[in-house]
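Below are two complexes that have chain A in common, paired first with chain B and then with chain C.
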Partner chain A sequence: MALFELASDNADLLVALTLETLRLAVLSYALAFVIGVVIAGMRLSPVPVLQRAGSLYTSFYRNLPLLVLAILFWVGGGRAGWPFGRTDTVILVLGMYTGAYIAEALRSGVNAVPLGQAEAARAIGLGFTGVVGRVVLPQAIRTVVPPLGNLWIANLKNTSVFLVIGINELTRGARNIGQANADFPSAFLVIGFIYIVLVYGSAQLFKLIERRVEIAR
Partner chain B sequence: MSASVLTEELGPRGRARVRYATIAASIVLAAFVGMILYRLYAEGQFAPRLWSQFVDFDAGWPSFLVAGLWDTLRAAVAVMVLASIIGLFLALVRLSPSRPFRFLAGLVIDVFRGPPVLLFIYFSFFALPQLLPAGLGNTISRNALYALIIGLTLYHMAVLAEVFRAGILSLDRGQREAALGVGMTEGKAMRLVILPQALRRMIPTIVAQLATITKDTSLGFIIGLSSDLTGRGRAFAQGSPINDLQTWVGVGVLYFIIIWGLSRLARRLEVVQRAKLGAGAIDVAGEADLGALAEAAEEDVARAAQGDATKG
Partner chain C sequence: MRTFTKHRRLIAAAASLALLATACGDDGGDDGAEDGGDAEATAEEGEFEEGSTMAAIQEADVLRVGVKYDQPLFGVQTPGGVEGFDAEIARLIAEGIWGEGGADNVEFQEAVSANREPFLQQDTVDIVVATYTINDERKELVGFAGPYYEAGQDIMVAKGNPEGIGGVEDLTGKTICSVEGSTSLDNINEMVEDPEEVIALDTYSACAEELAQGRVQAVSTDNVILIGLIDERPDDFELVDNPFTEEPYGIGVQLEAEDFRDWINDRLEQLYESGEWEAAWDATAGVVVPAPEPPAVDRY
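== the complex of A and B ==
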């Protein structure tokens, strides 16, 4: 069957493409997480300027198509001294994009902790670090695991958009392999299957984490 | 003062600290923005001739871009309608009493929700023409808009199927039982009692999904679509002087207005819905914008509940 032939003939390439997609996804998600923590912190702080700046950031990245952001920075920025290379651009732009969503997830996770919890913690004499570190965050982290898992999956899929700036990852590879073998249907089936394994594998992993951190309430 | 979990009502010392922090943060943020603006200025990106195209009504450029927005919206609505019809069908089969059909619908939904939407657009543009009869295939390979609509529909029908399923399941069981109790058949109960209520509940989620679909139509750029906003951006940027940055800023502004407006509307509808029905927003795994809507709704309700608690 042409399908299996195509997969076995291109096995090395498929592995390389999968690793490239995973590498970009992991690095951009790591950056997104850092950005998310910073922006969520800004939005939760009592300083109005920081709150305003944080919400400007999230609404900028959440209300533009990722493709337009990629072109804006790579092509538009490219005319004005954008100092980063191809791979760095993917990590930065995707990291900033997913970071906005992570910030919102973290913020709503913290806000989901009942006010009384923090009040009780303060009443028994815990300081700010005690309230946040021992009472609020441990509860917030648990509610935040499922949305973070969903965002990891969305981020993994979004790496494909960056083929527009010339990144050779799975989706781009599907097109190339299809072209080289004059068999687009098989190529897309194989690559689609790889994505499905990655996505549902990730989903299982996050379910496992969720069960690990779960506590009876 | 906002009632945050992290900070209590501030005293005089706290307020003083916030004042210092405000000044420090303002300086840092202003320096950051100033640095970027200076960089752009030094590169000559603020030259008026690079921006004048946006208001050059004689050459028709402003209406050229706005017409692209119109095409973008039309494509998004077409996808929305097609994906909703197929999605609703998939959801109903998924909830049907027949086990093999249920399994099949579940499989289709999961398979089509897995890969990135761009893979489906590529599939429609490159692979479908090889699979379909030549006449139909050529129409698609010559017309990127069709490929875009088919590709987006393949993906979003699966997402919407999950939305519909969750919406139907969110309805109280008693509704169906009561409908059966007064002698309706399963089909009639679904059509006359369950769906009308469930569909109303899903309106905010569907509006949020329309915002996502609008974002995704920009991907037509990759298969060479030239009539939508992103495609027209490419043409807009090809003039002399070199105005890439200005073009994509302009395109971004137009996208922002539409997508921001739609997400705003979804959020507003969700809050109203919640107040009336008390049902939650529908969050589908891997869909960032639906997750964001669900979180926002969660937060609004929590805030309202805390407001009640302080009142009482």
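== the complex of A and C ==
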């Protein structure tokens, strides 16, 4: 069958492309997480200027399509002296984009902990670190794991957008393989399957974490 | 279009004289049938066999053509319509179907490199005239009339050629841009030893931007495409002018439309002979490159 033949003929290439997609996804998500924590912290802080800056950041990245951001930073930025290379651009742009969503997920997680919990914690004599570290955050993390899992999945699939700036990842690879073999449907079925394996596999991982932190509720 | 018709008449007249044709050459129009006479009878406008592809197109009053929209001198979208050599060839084919004024029945659609086969397979267009290189893999999927032009792959570099690239052998260790799904990209992958990186993008204009920003050192594809890009930004780019392949450009038709393929081949030969092919070249790509000899059609 043409499908299996195409997959086995291009096995090495497909492995390399899958690893590239995974690498981009992991690095950009790591960056997104750091950005998310910082921006959520800003938005939850009692300082108005920080709150303002944090919400400006999330509005910018949530209101623009990722494709527009990719071209804006790579082509538009290129003219203005954007100093980063192709791969770094993917990690940065995707990281900043997903970071805005992670910030929102974290913020809503913290807001989901009833105010009474913090008040009670303070009433029994805990300081700020105690209130946040022992009462608020442990509860917030539980509500936040499922949305963070969803964002990981979206982030992984969003790497495909960057084929437009010439990144050689799974989707671009499928187009090349489809072209070389004059068989686009098979090439896309193969990478579709790879995406499903990647997404399903990593979703299981998040389910595991979810179960771990479930305990008290 | 008006000046172009005048030009064509002149050449048609000259061609008829040279051939000692009996027909009155200076009345222009489609004189192929008159001075060709012999085998060209099938290309005569207006009369097609019942059930043929040509008859169906004539009946529909529209010739759907896939062309490039971003390829200066060959296919470029302007407020006044699609301009360029490919577009002119499509119009001349339409005139073969409907006669004088047939060019108005052409309906252009943008065809990027990767969607040319699907366009024909899914019956989105009748023909593709989009700097479309004839090769064996593509012949499995679509039919090719022509070639109507022999291009060659060349290299475009930044103005002043800072890397000193003199030909394909100098691309080792360089970052090269070409268009995804194109023969040019396959050639680069095969012929360049150890390039630093080969970047595949969606359009040639995107590759040109990469070169202008110094992110790639060379853009490689068919020379006419490069010349078109240089024509737009002569201060930024220059041509190495050392072609290393032969790329026959064909007119893509639907695989099963063999009658149409044969007819377009006849029509092309007619256009070669009448001088209309050369006039179409002079009015478009001729601004930059003088008209070459028309290639012999390949009736495979």
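Quick notes on this structure:
Following the convention adopted for this analysis, the second predicted complex is superposed on the first by the 217 of 217 C-alpha atoms of A that agree within 3 Å, B and C clash if a C-alpha of one lies under 4 Å from a C-alpha of the other, contacts with A are read in each partner's own complex, and residues count from 1 in each chain.
Simple rule for what comes next: contacts are C-beta pairs under 8 Å (C-beta built on N, C-alpha and C of every residue); 3 or more make two chains touch, one makes a residue touch a chain.
These numbers come from a predicted model, not from an experiment.
On the superposed chain A, the positions of chain B and chain C overlap enough to count as a clash.
Once chain A of one complex is fitted onto chain A of the other, the partner contacts of A:125 are absent, as it touches neither chain B nor chain C.
In the overlay built on the shared chain, the residue A:196 is in contact with chain B alone; chain C does not reach it. Once the two complexes are overlaid on the shared chain, A:164 sits against chain B and chain C alike. Within the superposed three-chain arrangement, the count of touched residues of chain A is higher for B, of the candidates chain B and chain C.
Legend: residue contacts after superposition of the two complexes on their common chain; A:110 is shown touching chain B, with no touch to chain C. After overlaying the two complexes on the shared chain, residue contacts for A:78 are found with chain B and with chain C alike.
By the touch criterion defined above, A:180 lies against chain C but remains apart from chain B after alignment on the C-alpha atoms of chain A. The clash between chain C and chain B in the overlaid arrangement falls on one stretch of those listed (41-49, 95-103 or 113-121), that is 113-121.
Taken together, the two structures place residues 75, 78-79, 164, 175, 179, 184 of chain A in contact with chain B in one case and with chain C in the other.
Against chain B, the residues of chain A that register as touching in their complex are 44-50, 53, 59-60, 62-69, 71-72, 75-81, 98, 101, 104-105, 108, 110-115, 117-119, 122, 128, 131-132, 136, 147, 149-151, 153-154, 157-161, 163-164, 171, 174-175, 178-179, 183-185, 187-188, 191-192, 195-196, 199-200, 203.
Taken in their complex, chain A has these residues touching chain C: 75, 78-79, 86, 164-166, 168, 172, 175-176, 179-180, 182, 184.
Chain contact summary for the complex, chain B toward chain A: residues 2-8, 10, 14, 18, 21-22, 25-26, 29, 39-40, 43, 45, 110-111, 114-119, 122-123, 126-127, 130-131, 214-216, 218-219, 221-222, 230, 233, 237, 242, 244-249, 251-252, 255-256, 259-260, 263, 283, 285-289, 291-292, 295-296, 298-299, 302-303, 306, 309. Of all residues in chain C, only 114, 117-118, 137-138, 140-141, 177, 180-181, 186, 199-202, 206, 209-210, 213, 215 touch chain A in the complex they form.
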